[in-house]
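To keep things simple, chains are lettered A, B, C and D as they appear, and every chain counts its residues starting from 1.
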Amino acid sequence: MAFEFPIRIYWEDTDAGGIVFYANYLKFFERARTEWLRALGVGQQILREREGGMFVVSETNVKYHSPARLDDELIVTAALKEAGRVTLNIEQRATLKSTGALLCQGSIRIGWVDAQTLRPARIPAAIIDQLNSETAIDRLSSS
Amino acid sequence: MAFEFPIRIYWEDTDAGGIVFYANYLKFFERARTEWLRALGVGQQILREREGGMFVVSETNVKYHSPARLDDELIVTAALKEAGRVTLNIEQRATLKSTGALLCQGSIRIGWVDAQTLRPARIPAAIIDQLNSETAIDRLSSS
Amino acid sequence: MAFEFPIRIYWEDTDAGGIVFYANYLKFFERARTEWLRALGVGQQILREREGGMFVVSETNVKYHSPARLDDELIVTAALKEAGRVTLNIEQRATLKSTGALLCQGSIRIGWVDAQTLRPARIPAAIIDQLNSETAIDRLSSS
Amino acid sequence: MAFEFPIRIYWEDTDAGGIVFYANYLKFFERARTEWLRALGVGQQILREREGGMFVVSETNVKYHSPARLDDELIVTAALKEAGRVTLNIEQRATLKSTGALLCQGSIRIGWVDAQTLRPARIPAAIIDQLNSETAIDRLSSS
(Lines give C-alpha, C1' and ligand atoms only; values in the text may rest on other atoms or scores of the structure.)
Protein backbone atom coordinates (compact mmCIF):
# COMPACT_ATOMS: atom_id res chain seq x y z
CA MET A 1 0.00 0.00 0.00
CA ALA A 2 3.00 2.29 0.43
CA PHE A 3 4.18 4.63 -2.32
CA GLU A 4 7.14 3.14 -4.18
CA PHE A 5 10.00 4.95 -5.89
CA PRO A 6 12.93 3.35 -7.76
CA ILE A 7 16.47 4.56 -7.08
CA ARG A 8 19.67 3.52 -8.82
CA ILE A 9 23.01 3.54 -7.01
CA TYR A 10 25.77 5.66 -8.61
CA TRP A 11 29.41 6.30 -7.64
CA GLU A 12 28.33 9.44 -5.77
CA ASP A 13 26.30 7.28 -3.37
CA THR A 14 29.07 4.91 -2.35
CA ASP A 15 32.05 5.13 0.00
CA ALA A 16 35.44 3.49 0.35
CA GLY A 17 33.85 0.55 2.15
CA GLY A 18 32.52 -0.38 -1.29
CA ILE A 19 28.93 0.18 -0.19
CA VAL A 20 26.35 2.96 -0.08
CA PHE A 21 27.31 5.62 2.47
CA TYR A 22 24.65 5.32 5.16
CA ALA A 23 23.84 9.04 5.32
CA ASN A 24 22.66 8.83 1.74
CA TYR A 25 19.63 6.76 2.68
CA LEU A 26 18.24 9.98 4.15
CA LYS A 27 18.52 11.46 0.67
CA PHE A 28 16.84 8.43 -0.91
CA PHE A 29 14.04 8.60 1.65
CA GLU A 30 13.55 12.27 0.88
CA ARG A 31 13.38 11.70 -2.86
CA ALA A 32 10.67 9.09 -2.25
CA ARG A 33 8.77 11.39 0.16
CA THR A 34 8.96 14.24 -2.33
CA GLU A 35 7.58 12.09 -5.14
CA TRP A 36 4.91 10.69 -2.83
CA LEU A 37 3.83 14.25 -1.93
CA ARG A 38 3.98 15.23 -5.60
CA ALA A 39 1.78 12.25 -6.48
CA LEU A 40 -0.69 13.55 -3.90
CA GLY A 41 -0.62 16.95 -5.61
CA VAL A 42 1.68 18.58 -3.09
CA GLY A 43 4.55 20.37 -4.89
CA GLN A 44 7.02 21.79 -2.40
CA GLN A 45 8.29 24.73 -4.44
CA ILE A 46 4.72 25.78 -5.25
CA LEU A 47 3.67 25.40 -1.61
CA ARG A 48 6.49 27.63 -0.52
CA GLU A 49 5.45 30.35 -2.92
CA ARG A 50 1.74 30.01 -2.14
CA GLU A 51 1.74 29.21 1.56
CA GLY A 52 5.01 30.85 2.61
CA GLY A 53 6.05 27.72 4.44
CA MET A 54 7.95 24.52 3.96
CA PHE A 55 8.48 21.11 5.47
CA VAL A 56 11.58 20.56 7.57
CA VAL A 57 12.79 17.28 9.00
CA SER A 58 12.68 17.23 12.80
CA GLU A 59 13.58 13.64 13.62
CA THR A 60 15.07 10.65 11.81
CA ASN A 61 15.33 7.15 13.29
CA VAL A 62 17.01 4.80 10.87
CA LYS A 63 18.27 1.21 10.96
CA TYR A 64 20.75 -0.04 8.37
CA HIS A 65 20.24 -3.76 7.77
CA SER A 66 22.21 -4.74 4.71
CA PRO A 67 24.53 -2.83 2.35
CA ALA A 68 23.74 -1.76 -1.22
CA ARG A 69 26.43 -1.46 -3.90
CA LEU A 70 27.23 0.39 -7.11
CA ASP A 71 24.66 -0.20 -9.88
CA ASP A 72 22.11 -1.74 -7.50
CA GLU A 73 18.47 -0.88 -8.04
CA LEU A 74 16.52 0.00 -4.92
CA ILE A 75 12.84 0.38 -4.24
CA VAL A 76 12.22 3.08 -1.67
CA THR A 77 8.80 3.40 -0.04
CA ALA A 78 6.97 6.12 1.85
CA ALA A 79 3.81 5.67 3.91
CA LEU A 80 2.09 8.09 6.24
CA LYS A 81 2.09 6.64 9.73
CA GLU A 82 0.79 9.55 11.74
CA ALA A 83 -0.51 13.03 10.92
CA GLY A 84 -0.75 15.75 13.54
CA ARG A 85 -1.38 19.47 13.26
CA VAL A 86 2.26 20.41 13.02
CA THR A 87 4.10 17.22 12.11
CA LEU A 88 3.77 14.15 9.94
CA ASN A 89 5.47 10.87 10.73
CA ILE A 90 6.44 8.88 7.66
CA GLU A 91 7.57 5.26 7.57
CA GLN A 92 10.14 4.46 4.90
CA ARG A 93 12.01 1.44 3.62
CA ALA A 94 14.68 0.73 1.06
CA THR A 95 14.80 -2.75 -0.42
CA LEU A 96 16.93 -4.34 -3.11
CA LYS A 97 14.76 -4.64 -6.22
CA SER A 98 16.27 -7.93 -7.40
CA THR A 99 15.75 -9.88 -4.17
CA GLY A 100 13.42 -7.78 -2.05
CA ALA A 101 15.99 -7.81 0.75
CA LEU A 102 15.49 -5.07 3.32
CA LEU A 103 18.43 -2.66 3.24
CA CYS A 104 17.30 0.17 5.46
CA GLN A 105 14.20 1.32 7.29
CA GLY A 106 13.42 4.60 8.89
CA SER A 107 10.85 6.69 10.63
CA ILE A 108 11.03 10.33 9.52
CA ARG A 109 9.19 13.15 11.27
CA ILE A 110 8.64 16.31 9.26
CA GLY A 111 7.21 19.56 10.55
CA TRP A 112 5.84 22.64 8.85
CA VAL A 113 7.62 25.95 9.38
CA ASP A 114 7.26 29.51 8.19
CA ALA A 115 9.83 29.87 5.38
CA GLN A 116 11.08 33.24 6.69
CA THR A 117 11.19 32.77 10.45
CA LEU A 118 11.62 28.97 10.37
CA ARG A 119 9.19 28.82 13.30
CA PRO A 120 6.89 25.79 13.55
CA ALA A 121 3.39 26.39 12.22
CA ARG A 122 0.26 24.43 11.44
CA ILE A 123 0.44 22.34 8.32
CA PRO A 124 -1.80 24.07 5.72
CA ALA A 125 -5.31 22.61 5.68
CA ALA A 126 -5.00 22.02 1.94
CA ILE A 127 -2.21 19.55 2.54
CA ILE A 128 -4.02 17.74 5.34
CA ASP A 129 -7.16 17.57 3.19
CA GLN A 130 -5.13 16.15 0.36
CA LEU A 131 -3.58 13.53 2.60
CA ASN A 132 -7.03 12.71 4.00
CA SER A 133 -8.65 12.30 0.64
CA GLU A 134 -6.14 9.74 -0.51
CA THR A 135 -5.55 6.17 0.48
CA ALA A 136 -3.67 7.63 3.40
CA ILE A 137 -6.92 8.27 5.25
CA ASP A 138 -7.05 5.18 7.42
CA ARG A 139 -3.60 5.78 8.76
CA LEU A 140 -4.32 9.30 10.08
CA SER A 141 -4.29 9.86 13.80
CA SER A 142 -3.90 12.88 16.09
CA SER A 143 -0.56 13.75 17.59
CA MET B 1 21.84 12.29 -31.28
CA ALA B 2 23.17 12.44 -27.72
CA PHE B 3 21.95 10.08 -25.02
CA GLU B 4 19.38 11.80 -22.79
CA PHE B 5 18.66 11.18 -19.13
CA PRO B 6 16.03 12.96 -16.99
CA ILE B 7 16.98 14.24 -13.54
CA ARG B 8 14.73 15.81 -10.94
CA ILE B 9 16.04 18.40 -8.47
CA TYR B 10 15.58 17.57 -4.77
CA TRP B 11 16.47 19.45 -1.57
CA GLU B 12 19.79 17.57 -1.41
CA ASP B 13 20.84 19.19 -4.70
CA THR B 14 20.29 22.81 -3.67
CA ASP B 15 22.21 25.30 -1.55
CA ALA B 16 21.40 28.40 0.49
CA GLY B 17 21.53 30.51 -2.67
CA GLY B 18 18.19 28.85 -3.48
CA ILE B 19 19.69 27.11 -6.52
CA VAL B 20 21.41 23.86 -7.43
CA PHE B 21 24.90 23.68 -5.90
CA TYR B 22 27.24 23.78 -8.91
CA ALA B 23 29.36 20.80 -7.86
CA ASN B 24 26.26 18.64 -8.18
CA TYR B 25 26.22 18.98 -11.96
CA LEU B 26 29.24 16.67 -11.93
CA LYS B 27 27.00 14.11 -10.22
CA PHE B 28 24.22 14.64 -12.75
CA PHE B 29 26.70 14.27 -15.60
CA GLU B 30 27.98 11.06 -14.10
CA ARG B 31 24.50 9.60 -13.70
CA ALA B 32 23.85 10.31 -17.38
CA ARG B 33 27.24 8.86 -18.43
CA THR B 34 26.58 5.75 -16.37
CA GLU B 35 23.17 5.22 -17.96
CA TRP B 36 24.62 5.92 -21.39
CA LEU B 37 27.29 3.25 -20.83
CA ARG B 38 24.68 0.89 -19.42
CA ALA B 39 22.53 1.44 -22.51
CA LEU B 40 25.60 0.47 -24.55
CA GLY B 41 25.89 -2.72 -22.51
CA VAL B 42 28.72 -1.49 -20.33
CA GLY B 43 27.91 -2.12 -16.64
CA GLN B 44 30.60 -0.66 -14.41
CA GLN B 45 30.28 -3.03 -11.47
CA ILE B 46 30.40 -6.03 -13.82
CA LEU B 47 33.37 -4.58 -15.72
CA ARG B 48 35.25 -4.17 -12.50
CA GLU B 49 34.71 -7.79 -11.55
CA ARG B 50 35.45 -9.11 -15.03
CA GLU B 51 38.19 -6.77 -16.23
CA GLY B 52 39.68 -5.75 -12.89
CA GLY B 53 39.56 -2.12 -13.91
CA MET B 54 37.34 0.92 -13.70
CA PHE B 55 36.82 4.32 -15.22
CA VAL B 56 38.09 7.32 -13.30
CA VAL B 57 37.55 10.96 -14.14
CA SER B 58 40.77 12.73 -15.08
CA GLU B 59 39.53 16.15 -16.20
CA THR B 60 36.33 18.17 -15.99
CA ASN B 61 35.76 21.50 -17.75
CA VAL B 62 32.36 22.91 -16.89
CA LYS B 63 30.48 26.14 -17.55
CA TYR B 64 27.46 27.08 -15.48
CA HIS B 65 25.06 29.18 -17.54
CA SER B 66 21.79 29.46 -15.67
CA PRO B 67 20.62 28.17 -12.27
CA ALA B 68 18.18 25.31 -11.64
CA ARG B 69 15.87 25.21 -8.62
CA LEU B 70 14.03 22.79 -6.36
CA ASP B 71 11.54 20.56 -8.22
CA ASP B 72 12.95 21.46 -11.64
CA GLU B 73 13.20 18.69 -14.22
CA LEU B 74 16.45 18.54 -16.15
CA ILE B 75 17.49 16.68 -19.26
CA VAL B 76 21.12 15.66 -19.06
CA THR B 77 22.91 14.45 -22.16
CA ALA B 78 26.07 12.46 -22.86
CA ALA B 79 27.82 12.10 -26.20
CA LEU B 80 31.19 10.61 -27.04
CA LYS B 81 33.40 13.32 -28.48
CA GLU B 82 36.70 11.52 -28.65
CA ALA B 83 37.91 7.99 -27.92
CA GLY B 84 41.57 7.19 -27.39
CA ARG B 85 43.32 4.09 -26.12
CA VAL B 86 43.35 5.19 -22.51
CA THR B 87 40.78 7.97 -22.25
CA LEU B 88 37.35 8.94 -23.52
CA ASN B 89 36.20 12.52 -23.81
CA ILE B 90 32.48 12.98 -23.27
CA GLU B 91 30.46 16.09 -23.99
CA GLN B 92 27.59 16.73 -21.62
CA ARG B 93 24.79 19.22 -21.18
CA ALA B 94 22.05 19.91 -18.67
CA THR B 95 18.96 21.73 -19.90
CA LEU B 96 15.71 22.69 -18.25
CA LYS B 97 13.06 20.30 -19.56
CA SER B 98 10.24 22.85 -19.60
CA THR B 99 12.03 25.50 -21.66
CA GLY B 100 15.09 23.82 -23.12
CA ALA B 101 17.27 26.52 -21.56
CA LEU B 102 20.91 25.52 -21.24
CA LEU B 103 21.89 25.30 -17.57
CA CYS B 104 25.31 23.76 -17.68
CA GLN B 105 27.69 22.20 -20.17
CA GLY B 106 30.82 20.22 -19.63
CA SER B 107 33.57 18.23 -21.19
CA ILE B 108 34.49 15.22 -19.06
CA ARG B 109 37.58 13.10 -19.66
CA ILE B 110 37.55 9.62 -18.21
CA GLY B 111 40.43 7.17 -18.15
CA TRP B 112 40.67 3.47 -17.47
CA VAL B 113 42.72 2.32 -14.49
CA ASP B 114 43.59 -0.97 -12.83
CA ALA B 115 41.21 -1.22 -9.87
CA GLN B 116 43.95 -2.36 -7.48
CA THR B 117 46.91 -0.16 -8.45
CA LEU B 118 44.85 2.73 -9.88
CA ARG B 119 47.44 2.96 -12.65
CA PRO B 120 46.25 4.04 -16.11
CA ALA B 121 45.69 1.18 -18.51
CA ARG B 122 44.25 0.54 -21.96
CA ILE B 123 40.48 0.63 -22.11
CA PRO B 124 39.33 -3.00 -22.62
CA ALA B 125 38.76 -3.81 -26.29
CA ALA B 126 35.26 -5.02 -25.47
CA ILE B 127 34.27 -1.52 -24.41
CA ILE B 128 35.86 0.14 -27.42
CA ASP B 129 34.14 -2.40 -29.70
CA GLN B 130 30.85 -1.69 -28.02
CA LEU B 131 31.30 2.04 -28.48
CA ASN B 132 32.30 1.47 -32.10
CA SER B 133 29.32 -0.69 -32.92
CA GLU B 134 26.87 1.91 -31.73
CA THR B 135 25.82 5.23 -33.16
CA ALA B 136 28.95 6.53 -31.50
CA ILE B 137 31.05 5.26 -34.39
CA ASP B 138 31.33 8.39 -36.44
CA ARG B 139 32.54 10.41 -33.50
CA LEU B 140 35.52 8.19 -32.71
CA SER B 141 38.98 9.56 -33.27
CA SER B 142 42.43 8.73 -32.00
CA SER B 143 43.95 10.59 -29.08
CA MET C 1 33.75 15.31 29.27
CA ALA C 2 32.83 14.56 25.68
CA PHE C 3 35.31 14.92 22.83
CA GLU C 4 34.75 18.21 20.97
CA PHE C 5 35.38 18.97 17.31
CA PRO C 6 34.80 22.30 15.54
CA ILE C 7 33.01 22.38 12.19
CA ARG C 8 32.43 25.36 9.91
CA ILE C 9 29.36 25.55 7.65
CA TYR C 10 30.06 26.00 3.93
CA TRP C 11 27.76 26.34 0.90
CA GLU C 12 28.00 22.58 0.31
CA ASP C 13 26.29 21.98 3.68
CA THR C 14 23.23 24.15 3.08
CA ASP C 15 20.00 23.73 1.10
CA ALA C 16 17.46 26.00 -0.54
CA GLY C 17 15.71 26.49 2.81
CA GLY C 18 18.72 28.65 3.67
CA ILE C 19 19.82 26.24 6.39
CA VAL C 20 22.04 23.20 6.83
CA PHE C 21 20.58 20.15 5.07
CA TYR C 22 19.64 17.79 7.91
CA ALA C 23 21.33 14.72 6.42
CA ASN C 24 24.65 16.52 6.71
CA TYR C 25 24.60 16.31 10.50
CA LEU C 26 25.34 12.61 10.04
CA LYS C 27 28.50 13.68 8.22
CA PHE C 28 29.42 16.15 10.97
CA PHE C 29 28.84 13.46 13.59
CA GLU C 30 31.08 11.09 11.69
CA ARG C 31 33.88 13.62 11.36
CA ALA C 32 33.75 14.12 15.14
CA ARG C 33 33.64 10.34 15.81
CA THR C 34 36.57 9.81 13.48
CA GLU C 35 38.65 12.46 15.22
CA TRP C 36 37.62 11.11 18.62
CA LEU C 37 38.79 7.62 17.59
CA ARG C 38 41.97 9.09 16.13
CA ALA C 39 42.62 10.94 19.40
CA LEU C 40 42.27 7.55 21.14
CA GLY C 41 44.87 6.13 18.75
CA VAL C 42 42.39 4.35 16.53
CA GLY C 43 43.06 5.17 12.85
CA GLN C 44 40.42 3.64 10.61
CA GLN C 45 42.50 3.20 7.47
CA ILE C 46 45.28 1.56 9.49
CA LEU C 47 42.80 -0.67 11.31
CA ARG C 48 41.41 -1.85 8.04
CA GLU C 49 44.82 -2.82 6.76
CA ARG C 50 45.92 -4.42 10.03
CA GLU C 51 42.70 -5.99 11.27
CA GLY C 52 40.90 -6.54 7.99
CA GLY C 53 37.77 -4.96 9.37
CA MET C 54 36.01 -1.65 9.62
CA PHE C 55 33.29 0.13 11.53
CA VAL C 56 29.92 0.49 9.84
CA VAL C 57 26.96 2.46 11.10
CA SER C 58 24.02 0.25 12.01
CA GLU C 59 21.57 2.70 13.56
CA THR C 60 21.14 6.48 13.76
CA ASN C 61 18.54 8.23 15.89
CA VAL C 62 18.73 11.98 15.42
CA LYS C 63 16.68 14.98 16.54
CA TYR C 64 17.03 18.33 14.75
CA HIS C 65 16.36 21.16 17.20
CA SER C 66 17.42 24.41 15.58
CA PRO C 67 18.85 25.28 12.16
CA ALA C 68 22.45 26.28 11.40
CA ARG C 69 23.34 28.64 8.53
CA LEU C 70 26.17 29.48 6.15
CA ASP C 71 29.38 30.54 7.93
CA ASP C 72 28.19 29.29 11.34
CA GLU C 73 30.73 27.62 13.58
CA LEU C 74 29.56 24.43 15.27
CA ILE C 75 30.97 22.37 18.09
CA VAL C 76 30.27 18.68 17.55
CA THR C 77 30.78 16.23 20.39
CA ALA C 78 31.22 12.47 20.66
CA ALA C 79 30.98 10.40 23.83
CA LEU C 80 30.90 6.66 24.27
CA LYS C 81 27.62 5.68 25.85
CA GLU C 82 27.77 1.92 25.62
CA ALA C 83 30.35 -0.61 24.45
CA GLY C 84 29.42 -4.18 23.59
CA ARG C 85 31.33 -6.96 21.89
CA VAL C 86 30.11 -6.12 18.42
CA THR C 87 28.75 -2.59 18.62
CA LEU C 88 29.46 0.77 20.20
CA ASN C 89 26.77 3.33 20.94
CA ILE C 90 27.96 6.91 20.69
CA GLU C 91 26.11 9.99 21.89
CA GLN C 92 26.65 13.10 19.77
CA ARG C 93 25.61 16.73 19.78
CA ALA C 94 26.03 19.73 17.54
CA THR C 95 25.82 23.15 19.16
CA LEU C 96 26.30 26.67 17.84
CA LYS C 97 29.69 27.87 19.06
CA SER C 98 28.64 31.50 19.55
CA THR C 99 25.62 30.82 21.75
CA GLY C 100 25.90 27.21 22.82
CA ALA C 101 22.41 26.58 21.41
CA LEU C 102 21.68 22.91 20.75
CA LEU C 103 21.20 22.33 17.04
CA CYS C 104 21.09 18.57 16.74
CA GLN C 105 21.60 15.50 18.90
CA GLY C 106 21.96 11.91 17.94
CA SER C 107 22.65 8.42 19.11
CA ILE C 108 24.80 6.52 16.63
CA ARG C 109 25.38 2.76 16.80
CA ILE C 110 28.42 1.45 14.99
CA GLY C 111 29.33 -2.19 14.49
CA TRP C 112 32.50 -3.94 13.42
CA VAL C 113 32.45 -5.96 10.20
CA ASP C 114 34.91 -7.97 8.16
CA ALA C 115 35.99 -5.64 5.33
CA GLN C 116 35.63 -8.33 2.68
CA THR C 117 32.44 -10.14 3.66
CA LEU C 118 30.85 -7.19 5.51
CA ARG C 119 29.69 -9.71 8.12
CA PRO C 120 29.46 -8.55 11.74
CA ALA C 121 32.44 -9.53 13.87
CA ARG C 122 33.86 -8.87 17.32
CA ILE C 123 35.44 -5.47 17.73
CA PRO C 124 39.22 -6.05 17.93
CA ALA C 125 40.45 -6.30 21.52
CA ALA C 126 43.02 -3.59 20.83
CA ILE C 127 40.24 -1.09 20.21
CA ILE C 128 38.26 -2.10 23.27
CA ASP C 129 41.43 -1.91 25.36
CA GLN C 130 42.13 1.52 23.99
CA LEU C 131 38.63 2.68 24.81
CA ASN C 132 38.94 1.14 28.28
CA SER C 133 42.22 2.80 29.06
CA GLU C 134 40.89 6.25 28.33
CA THR C 135 38.44 8.41 30.20
CA ALA C 136 35.82 6.36 28.48
CA ILE C 137 36.23 3.62 31.01
CA ASP C 138 33.41 4.47 33.37
CA ARG C 139 30.91 4.57 30.58
CA LEU C 140 31.54 1.02 29.36
CA SER C 141 28.84 -1.54 29.82
CA SER C 142 27.97 -4.87 28.28
CA SER C 143 25.45 -5.10 25.48
CA MET D 1 52.34 32.85 -1.64
CA ALA D 2 48.92 31.20 -2.02
CA PHE D 3 46.49 30.88 0.89
CA GLU D 4 46.65 27.37 2.38
CA PHE D 5 43.88 25.43 4.09
CA PRO D 6 44.15 21.91 5.57
CA ILE D 7 41.46 19.35 4.80
CA ARG D 8 41.10 15.85 6.20
CA ILE D 9 39.50 13.04 4.20
CA TYR D 10 36.51 11.32 5.83
CA TRP D 11 34.28 8.44 4.69
CA GLU D 12 31.81 10.96 3.23
CA ASP D 13 34.49 12.09 0.76
CA THR D 14 35.31 8.68 -0.68
CA ASP D 15 33.65 6.38 -3.19
CA ALA D 16 33.60 2.66 -3.93
CA GLY D 17 36.82 3.01 -5.91
CA GLY D 18 38.48 3.44 -2.51
CA ILE D 19 39.48 7.01 -3.32
CA VAL D 20 38.11 10.53 -2.97
CA PHE D 21 35.13 11.09 -5.28
CA TYR D 22 36.39 13.63 -7.82
CA ALA D 23 33.41 15.99 -7.53
CA ASN D 24 34.35 16.56 -3.90
CA TYR D 25 37.47 18.50 -4.87
CA LEU D 26 35.12 21.29 -5.90
CA LYS D 27 33.89 21.30 -2.30
CA PHE D 28 37.44 21.33 -0.96
CA PHE D 29 38.34 24.18 -3.29
CA GLU D 30 35.33 26.12 -2.11
CA ARG D 31 36.16 25.64 1.56
CA ALA D 32 39.64 27.01 0.87
CA ARG D 33 38.27 29.94 -1.18
CA THR D 34 35.80 30.75 1.58
CA GLU D 35 38.52 30.76 4.24
CA TRP D 36 40.78 32.79 1.97
CA LEU D 37 38.03 35.39 1.53
CA ARG D 38 37.31 35.29 5.26
CA ALA D 39 41.01 35.89 5.97
CA LEU D 40 40.75 38.94 3.69
CA GLY D 41 37.80 40.16 5.76
CA VAL D 42 35.16 39.07 3.27
CA GLY D 43 32.41 37.09 5.06
CA GLN D 44 29.89 35.75 2.58
CA GLN D 45 26.82 35.65 4.83
CA ILE D 46 27.51 39.22 5.97
CA LEU D 47 28.10 40.38 2.38
CA ARG D 48 24.77 38.93 1.36
CA GLU D 49 22.96 40.81 4.09
CA ARG D 50 24.84 44.06 3.52
CA GLU D 51 25.32 44.09 -0.24
CA GLY D 52 22.35 41.99 -1.31
CA GLY D 53 24.56 39.90 -3.52
CA MET D 54 26.63 36.75 -3.51
CA PHE D 55 29.36 34.98 -5.39
CA VAL D 56 28.35 32.17 -7.73
CA VAL D 57 30.63 29.82 -9.59
CA SER D 58 30.47 30.30 -13.36
CA GLU D 59 33.24 28.02 -14.60
CA THR D 60 35.39 25.21 -13.22
CA ASN D 61 38.31 23.62 -15.06
CA VAL D 62 39.84 20.83 -13.03
CA LYS D 63 42.49 18.18 -13.58
CA TYR D 64 42.70 15.15 -11.30
CA HIS D 65 46.28 13.93 -11.07
CA SER D 66 46.51 11.42 -8.26
CA PRO D 67 43.94 9.92 -5.87
CA ALA D 68 43.55 10.72 -2.16
CA ARG D 69 42.27 8.15 0.35
CA LEU D 70 40.49 7.88 3.67
CA ASP D 71 42.32 9.64 6.53
CA ASP D 72 44.66 11.52 4.18
CA GLU D 73 45.52 15.10 5.05
CA LEU D 74 45.39 17.56 2.17
CA ILE D 75 46.63 21.09 1.78
CA VAL D 76 44.31 23.09 -0.45
CA THR D 77 45.42 26.45 -1.80
CA ALA D 78 43.68 29.48 -3.28
CA ALA D 79 45.32 32.33 -5.16
CA LEU D 80 43.78 35.17 -7.12
CA LYS D 81 44.83 34.90 -10.73
CA GLU D 82 42.67 37.52 -12.33
CA ALA D 83 40.18 40.11 -11.07
CA GLY D 84 37.69 41.76 -13.35
CA ARG D 85 34.64 43.92 -12.65
CA VAL D 86 32.21 41.03 -12.57
CA THR D 87 34.32 37.93 -12.11
CA LEU D 88 37.36 36.65 -10.25
CA ASN D 89 39.49 33.79 -11.48
CA ILE D 90 41.06 31.75 -8.72
CA GLU D 91 43.79 29.16 -9.07
CA GLN D 92 43.56 26.23 -6.69
CA ARG D 93 45.54 23.12 -5.85
CA ALA D 94 45.15 20.15 -3.56
CA THR D 95 48.31 18.37 -2.46
CA LEU D 96 48.97 15.50 -0.11
CA LYS D 97 50.39 16.98 3.09
CA SER D 98 52.77 14.10 3.81
CA THR D 99 54.52 14.06 0.44
CA GLY D 100 53.54 17.28 -1.29
CA ALA D 101 52.26 15.24 -4.24
CA LEU D 102 49.86 17.15 -6.46
CA LEU D 103 46.40 15.55 -6.34
CA CYS D 104 44.22 18.02 -8.17
CA GLN D 105 44.43 21.48 -9.65
CA GLY D 106 41.73 23.78 -10.84
CA SER D 107 40.87 27.17 -12.18
CA ILE D 108 37.61 28.46 -10.71
CA ARG D 109 35.77 31.50 -12.03
CA ILE D 110 33.33 33.15 -9.67
CA GLY D 111 30.96 35.97 -10.51
CA TRP D 112 28.93 38.35 -8.40
CA VAL D 113 25.14 38.22 -8.70
CA ASP D 114 22.18 39.97 -7.13
CA ALA D 115 20.91 37.53 -4.47
CA GLN D 116 17.26 38.00 -5.49
CA THR D 117 17.40 38.10 -9.28
CA LEU D 118 20.61 36.07 -9.64
CA ARG D 119 21.62 38.48 -12.41
CA PRO D 120 25.33 39.27 -12.82
CA ALA D 121 26.42 42.50 -11.21
CA ARG D 122 29.61 44.40 -10.45
CA ILE D 123 31.59 43.00 -7.58
CA PRO D 124 31.19 45.50 -4.66
CA ALA D 125 34.05 47.99 -4.54
CA ALA D 126 34.68 47.07 -0.91
CA ILE D 127 35.65 43.56 -1.95
CA ILE D 128 37.87 44.71 -4.79
CA ASP D 129 39.55 47.21 -2.46
CA GLN D 130 40.10 44.48 0.07
CA LEU D 131 41.63 42.21 -2.54
CA ASN D 132 43.79 45.08 -3.79
CA SER D 133 45.10 46.00 -0.36
CA GLU D 134 46.31 42.50 0.34
CA THR D 135 49.19 40.53 -1.05
CA ALA D 136 46.87 39.82 -3.92
CA ILE D 137 47.67 43.19 -5.44
CA ASP D 138 50.33 42.17 -7.91
CA ARG D 139 48.16 39.50 -9.39
CA LEU D 140 45.27 41.80 -10.29
CA SER D 141 44.53 42.47 -13.92
CA SER D 142 41.54 43.64 -15.90
CA SER D 143 39.17 41.17 -17.51
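FYI, a contact is a pair of C-beta atoms (placed from the backbone, for glycine too) under 8 Å apart; a residue touches a chain by one contact, two chains touch by 3 or more.
These numbers were taken from a predicted model, which means no experiment stands behind them.
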Distance-maximising chain from chain C - centres being C-alpha averages: B
Higher-contact pair (C-beta pairs counted), A-C versus C-D: A-C
Please work out the Cα centroid separation of chain A and chain D, and write it as a whole number of Å. 34
In whole angstrom, how far does the Cα centroid of chain A sit from the Cα centroid of chain C? 24
Distance-wise, how many Å sit between the C-alpha centres of chain C and chain D, to the nearest whole number? 28
Two or more other chains in contact with one residue: find those residues in chain D. 11-12, 17, 19, 23, 27, 30, 69-70
Quick check on the complex: what are the chain C residues that touch chain A? 17, 19, 22-24, 26-27, 30, 54, 56-64, 67, 115, 118
For the chain D and chain C complex, residues of the former touching the latter: 8, 10-12, 27, 30-31, 34-35, 43-46, 69-71
In the complex with chain C, residue positions of chain B that touch it: 11-12, 14-19, 21, 23, 69-70
